[in-house]
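Quick notes on the structure that follows.
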């Protein structure tokens, strides 16, 4: 399984904080996102945003980054700390 | 009269902290320096240095700056505060 | 002293400065940044903030940013504190301190850490304003600042 | 609070910071620099300094530098303190603090003030070292730093 986390306004928009996804057949973040959008077509306006930041196991990565079972994945709006 | 001040290592090198100079016939800092060097030829290695900073009435100026009777002139080594 | 702290409680700038220079006579230069909740942001009247973060990744990303700063400049010591949770108007949000033998290195390291923190560390601000709550939008100018380095 | 102080006595960084932000919720960003007597300078072992200045011109030149910073950046408040006289190893020499609504402005103003102070304000350091006293030489890198602005 892959743990997927959503933060800040993205979490509010999806009405969801985290989901567990079966890793089978999912090779990278792009495929993970496609899988989530298949199950939740109404997430497209939010999860489809190019501006989102992506992390795998708490490190920022790009959309082509490999994901494996056991990974912690995060979809995040652009950060606004400091 | 023009009051002339010397600071830091320049003061140590000249062995002099301040002198009063008759302003007559002295139009600018270059002429003031020439006048001082005429009276003290041994000051040339120190007062002749191009790196010296010059101030008239406590404002940094260039060698062609006009001087008048009553002015306070300073010859200073490059500053090293902070 | 840990280099990184993510915490709800406030911090004492004087005490942080004292700890950073304590017993270190090689660091001739110390630079500090403090960010606070300000009254106006993009024309909105702000009365407070809620700061959300990604626990675990926050500390990891700050440590990574500090490490990059140390690789770029001759830094003696660094301290980064970022608060999370509810913050009122005027309260302190973030502290970055860097010491170095060299003034330029201390300035660059502190500004680099802030620029990277602003664009890479997983914190999000939700503003309380006179017309309700809203998530703060990221700024292009922050991206541009981070791309300088 | 005066913006400029030239003094023999030490200063308290925490108190200076508190005064700079007191009652001002528009200044979201505060940047501070502290310069101290460091143990090594150009390979020499330093045990102390004597700081000479040009009384009157010192204050005037610092005020002029602060004025230039205010014309370049949206600064809320500025504070510059420079000590003179005898200073021991590790003691504080100079404090520059600047607050602004904007982070980049506060960083730039503080660094600009330091760069200009280093090349235009009439202070001179005489070092006490293990091999005697000597006047510190000005650095080309300080001139280059000041020419950036």
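A few comments on the model shown:
As written, the chains take the letters A, B, C and D, and residue 1 is the first residue of each chain.
Keep in mind that, in the parts below, a residue touches a chain if its C-beta (ideal position, glycine included) is under 8 Å from a C-beta of that chain, and two chains touch if they have at least 3 such contacts.
Only a predicted model underlies this, so the values are computations on that prediction, with no experimental measurement involved.
Seen as a C-alpha superposition, chain A sits on chain B after a turn of 180°, to the nearest 5. Averaged C-alpha coordinates put the centre of chain A at 71 Å from the centre of chain B.
Chain A and chain D have Cα centroids lying 48 Å from one another.
For the pair chain A and chain C, the distance between C-alpha centroids works out to 26 Å.
Listed for chain A are residues 82, each touching two or more other chains. The set of chain C residues touching two or more other chains comprises 35, 103, 114, 118. By the contact rule set out at the top, the touching chain pairs are A-C, B-D, C-D.
By the touch criterion stated above, chain C contacts chain A in their complex at residues 35, 51-54, 56-57, 60-61, 82, 93-94, 114, 117-126, 135-138.
Those residues of chain A that touch chain C in the complex are listed here as 5, 7-9, 12, 51, 53, 55, 58-60, 74, 76-82. Of all the residues in chain C, the ones that touch chain D in their complex are 12-15, 17-18, 21, 25-40, 89-90, 101, 103-104, 106-107, 110-111, 114, 118, 141, 145.
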